[in-house]
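What follows is a set of structures to go through.
Two complexes, one shared chain (chain A), two partners (chain B, chain C).
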Partner chain A sequence: MNNSAEKKLALTHLWVAFGAFGLAAVMGLYQVIERSGFFGFLESRAVYYASVSTHGVLMGFVLTTFFIMGFGYYTATSSLKMPVWNLSFAWVGFGVSLSGVVMAALPLLGGAASVLFTFYPPMQAHPLFYIGATLLVVGSWFWCVSMIVMYTQWKNANPGIAVPLAMFATTANAILWLWTSVGVAVEVLFQLIPWSLGWIDSIDPGLARTLFAWTLHPIVYFWLIPTYTAFYCLVPKQAGGFLFSDEMARAAFILLVVFSLPIGFHHLYMDPEQGHGWKILHAVGTFVVTLPTFITGFTVIASLEIAGRLNGGKGLFGWIAALPWTNPMVLAIILGLLMLIFGGFGGLVNASYAMNAMVHNTAWVSGHFHLIFGGTTVIMYFGVAYYLWPILSGKPLFCKAMAVKQLWTWFIGMIIMTTPWHILGLLGQPRRIDSVNYNNLLTLSWEPYEVTMMFGGAILLYSSALLLINLYKTQMGTEAYQGEIEYAEPIHAPDDLPEYLNSFKLWNIVIAVFMLIAFGYPILQFFLMETFGSGRWGV
Partner chain B sequence: MHIDQLEKKWAGISLGIAGLFVAVILGSALFHGIHAPSNVETIDSARLHLSEEFAEDNLGAQLNADGSVTVRLVAGRYGFYPKNIVLPAETNITFRWVSLDVIHGVHIPMTNMSTMIVPGYVAQVQTLLHHTGEYPMLCNEYCGMGHAHMWSNLKVVSKTDWANMNNQGEASHE
Partner chain C sequence: MNNISEEERKKILESSPVGTWALMLIVGGGMVIAWLMMYYGVFLPRGHIG
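Entry: the complex of A and B
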């Protein structure tokens, strides 16, 4: 099948993703140096908060959304062996998202949207920021429609046959994202945009936070599912083995989609606008969503063990040494899983209703988020990029050794940066401070950790540069490369799959019921009690 | 459909692990008096000075008839007012926080006093402070350019010292 048009579509998305990543990485190093306070000439809170806001938007929204769309289009066309449905529709979606990014970037870089990527009304940003962010999301809905249409077309043409796992996961993510984005879309369309344009005078920050919490948890699973897709569908083959269980992978994706949605209140444990009961209900759901990650850990490590033993590894742990550690994708998953162990531990602390009070909004939280997102999730984006770039560009990877070095430096940099960050949180440092001004001796204990973090930031920027240089040189190469994506084979082909593991109909109904239970009254209450809105505040 | 025996066992173990965590958390939430601020009480942030409870004269610590202490503080860019408060150790303390402008958060390091302060709502936290000493109260939610400059001071003294201080007619907020 000639899918050069699809390859171009995917590659263009991925370049936007990694371009945004490169810019945000530079800002990251600036921020970690600025906040340490050791370089007085750099101190500027206006620049710092503009930078933090832009860094968050670029990493959290632009890198992820464009990577997910690009990877998704290519997964769809290659796993279903059919062209992308309505290419112009896909390009329009790309254009809408990209124009949104540009529109949001103007006020962000100009310091007129220093409200961070979580918005925080009643601090108000320039309306262009909200409109741009909305367009980015609207463009991604085009992608969701594309994925669901292709999934449906293939299923209708192949009745009773299991949808290829990679496409099943991608469709799960499209459905997850549609559900996820409703919360923030309602906040932006009915609260932030009309309020920032002066059409309404006040908004209720309690309602805004509740709606944002709807989106805030499942969005991280939207980012994570491509990583898990690579874990299940690409890594086993690259490691030289087979996927341990196709069925359990499907079950894990379904659990992720269903249970990541109704649990957002663990971001509101410390908020006054929601009651105990609702918080505890969401806390319980938060622990249910650890199940698919436990399952994934098992299935993926079992798949790696099969590969290691096929490669000749012996003994209880000998198979680990027999894995192809110099294959970028395999190395990415090994390092990613290591960071998942540390990050998962921190996540359990955050999710715990009582322990959270000790770390809430401290530097611990920023450290956790960077470790689990920048670490586990994004390192696999790198692994996928090294694998896909030659296939999509038709040029061989510029330098494999450089890729291996990049992944190792990313891992080392992440550990050096996030470990002190966690400790700073335990020592009471609030998150998102641009400098240390407190009149208390406690702050002296923070200094060594602030210094250490700078080295982590520098290593991470070096690693980012290695990645971008490698991808750019690959793209600019003169040799030709012929290759198509190879999906991992499961040990047992999924023959007689029950419909609930091959379709999302039942699960959409389950989600609707869960969301009604988890968010119905908590949103309704704002219309039942007397609330007092907030006006507009600058930063 | 083929599910390996090992996978079935592991799914059971995972369920057990998650169940254990949930049991511990529910236990601590229901029986150990964990008081995350969840009182869902609204207030007009623009008219705090006209409200009875949060008018200037009523801020700070107040001894209740049952021996507990209620502390009322207003968060506003950039400080928690009153800026200096003194509280007794080993006493049931109820903090009531309101914001006069944007969203803030506050925590007292090394204690479990932590809450978001959302305009339009009263955030109430109950706790015991076990150790005497000087503590900062730090803003932990980005609230604008001065976020890093937003803090106030708390001094925790022994119960007897606190009672003597109040008996001498000193204001509880130095």
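Entry: the complex of A and C
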């Protein structure tokens, strides 16, 4: 099948993603240096918050959304062996998202949207920021529609046959994103945009935070599912083996979609607008969502074990050494899983209702987030990029050794940066501050960790440069490369798959019920209780 | 992959991933121990707020 148009579509999305990543990486190093307080001439609160807001938006929304869309389009066309449905529609979605990014970038870079990537009110940004962010999301809905249409078309043309796992996972992510983005869309459309335009005088921050909590946790899984898709569908083949279980992979994706949605209140444990009972309900759900993570850990490690043993590895752990550590995709998953272990532990502390009070709004949270997102999720984006770039560009990878070096430096830099970040949180350093204007024994005790973090940040920027140079040189190469994506085969083909592992109809109903239980009254209460001045929607 | 016999290959594909079970037990156990250390060693000794 000639899918050069789809390759161009995917590669364009991926270039936007990694372009945003490169810019954000430079800002990251500036921020870690600025907030250390060691370089007085760099200190500027206005620049710091403009930078940290832009860094968060670029990494959290632009890198991820464009990567997910680009990877998704190519996964859809290559796994289903059919062209992308309505290519023009896909390009329109790309244009809408990109125009949103440009629109949001103007106030961000000008310091008129220094509201961090969570844009919690009462901090207010320029209307262009909210409108731009909305367009980014609306553009991504085009992608969701494309994925669901292609999934449905294939399923109708192949009744009773299991949808290829990679497409099942991609469709799961599209459905997850549609559910996920409802919360923030309602917040932005009915609260933030009218408020920032001056149409209304006030809004209820409690309602805004509740709606954002709807989005804030599942968005992490929206970012993570492409990583898991690569874990299940690409890595086993690259490692020289097979997928341990197709069914367990599907179960994990379904559990991720269902249970990542009704649990967002663990971000609001310290907030007054929601009662303890609702928070505990969400806390229980937060621990449930560790189940698909453990299923994924088991299934992908078992797949790696099979590959290692097929490669000649012996003994209980001898297969680990027999894995192809110089394959970027395999190295990325090994390092990603290591960071997932440390980051996962941090997440358990965050999710623990009592212990959360110890780390809430401290530097620990930023450290955890960077380790999980910048570590596990993004390192696999790199692994996928190294694998896909030659396929999409038709040029061989410029330098495999550079890719391996980049992955190692990313891992080392991330560990060096996030370990002291966690410790700083335990030492009481608040997150989201640019500096402290006082000196005492407590703040002095932070200094060695601040210095260490700067080294970590510098290594990460170096690693980012290696990635971008490698991708650029690959694109500019003169040699030709002909290859197509190779999906991992499961040990046992999913021939007799029950419909609930091949369809999302049942799960959408389950999600609707869960969301009604988890968010129904917590949102409704804002329209029932006296709020002393703050209008619900601001009217 | 090339140096093993078909019989060995079949055995590998059909056998239980014991190394994975061992790793999961180590990681899972380690997380439980680390959580308990954090709870009893760091969180509780801080006492009440204020």
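The rule we apply is simple: the second predicted complex is superposed on the first by the 528 of 539 C-alpha atoms of A that agree within 3 Å, B and C clash if a C-alpha of one lies under 4 Å from a C-alpha of the other, contacts with A are read in each partner's own complex, and residues count from 1 in each chain.
Here is the rule we go by: a residue touches a chain if its C-beta (ideal position, glycine included) is under 8 Å from a C-beta of that chain, and two chains touch if they have at least 3 such contacts.
Predicted model, so just to flag it, every value in this text is computed and none were measured.
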In the superposition, chain B vs chain C on chain A residues touched: B
Touching partner for A:Arg309 - first (chain B), second (chain C), both, neither: second
First (chain B), second (chain C), both or neither touched by A:Pro430: first
Chain B versus chain C as contact partner of A:Trp325, first or second or both or neither: neither
Touched partner set for A:Ala354, first chain B, second chain C, both or neither: both
Touching partner for A:Phe39 - first (chain B), second (chain C), both, neither: neither
On chain A, the residue positions that both chain B and chain C contact, one per complex: 244, 294, 298, 302, 348, 352, 354, 357-358
Contact set on chain A toward chain C in their complex: 240, 242, 244, 294, 297-298, 301-302, 305-306, 308-312, 316-317, 319-320, 341, 344-345, 348-349, 352, 354-355, 357-358, 426, 491
Chain B partner contacts - residues on chain A that touch it in the complex: 45-46, 49, 114, 116, 120, 122-123, 204-206, 209, 244-245, 247-248, 268-276, 279-280, 283-284, 287-288, 290-291, 294-295, 298-299, 302, 348, 352-354, 357-358, 360-362, 427-428, 430-440, 442, 492, 494, 496-498, 501, 525, 529-535, 537-539
For the chain B and chain A complex, residues of the former touching the latter: 1-4, 6-7, 10-11, 14-15, 17-18, 21-22, 24-26, 28-29, 32, 34, 36-46, 101-103, 105, 107, 109-110, 112, 114-124, 134-136, 138-149, 151, 153
Residue ranges of chain C in contact with chain A within the complex: 1, 3-4, 9, 12-13, 17-20, 22-24, 27-28, 30-31, 34-35, 38-39, 42-43, 46, 49
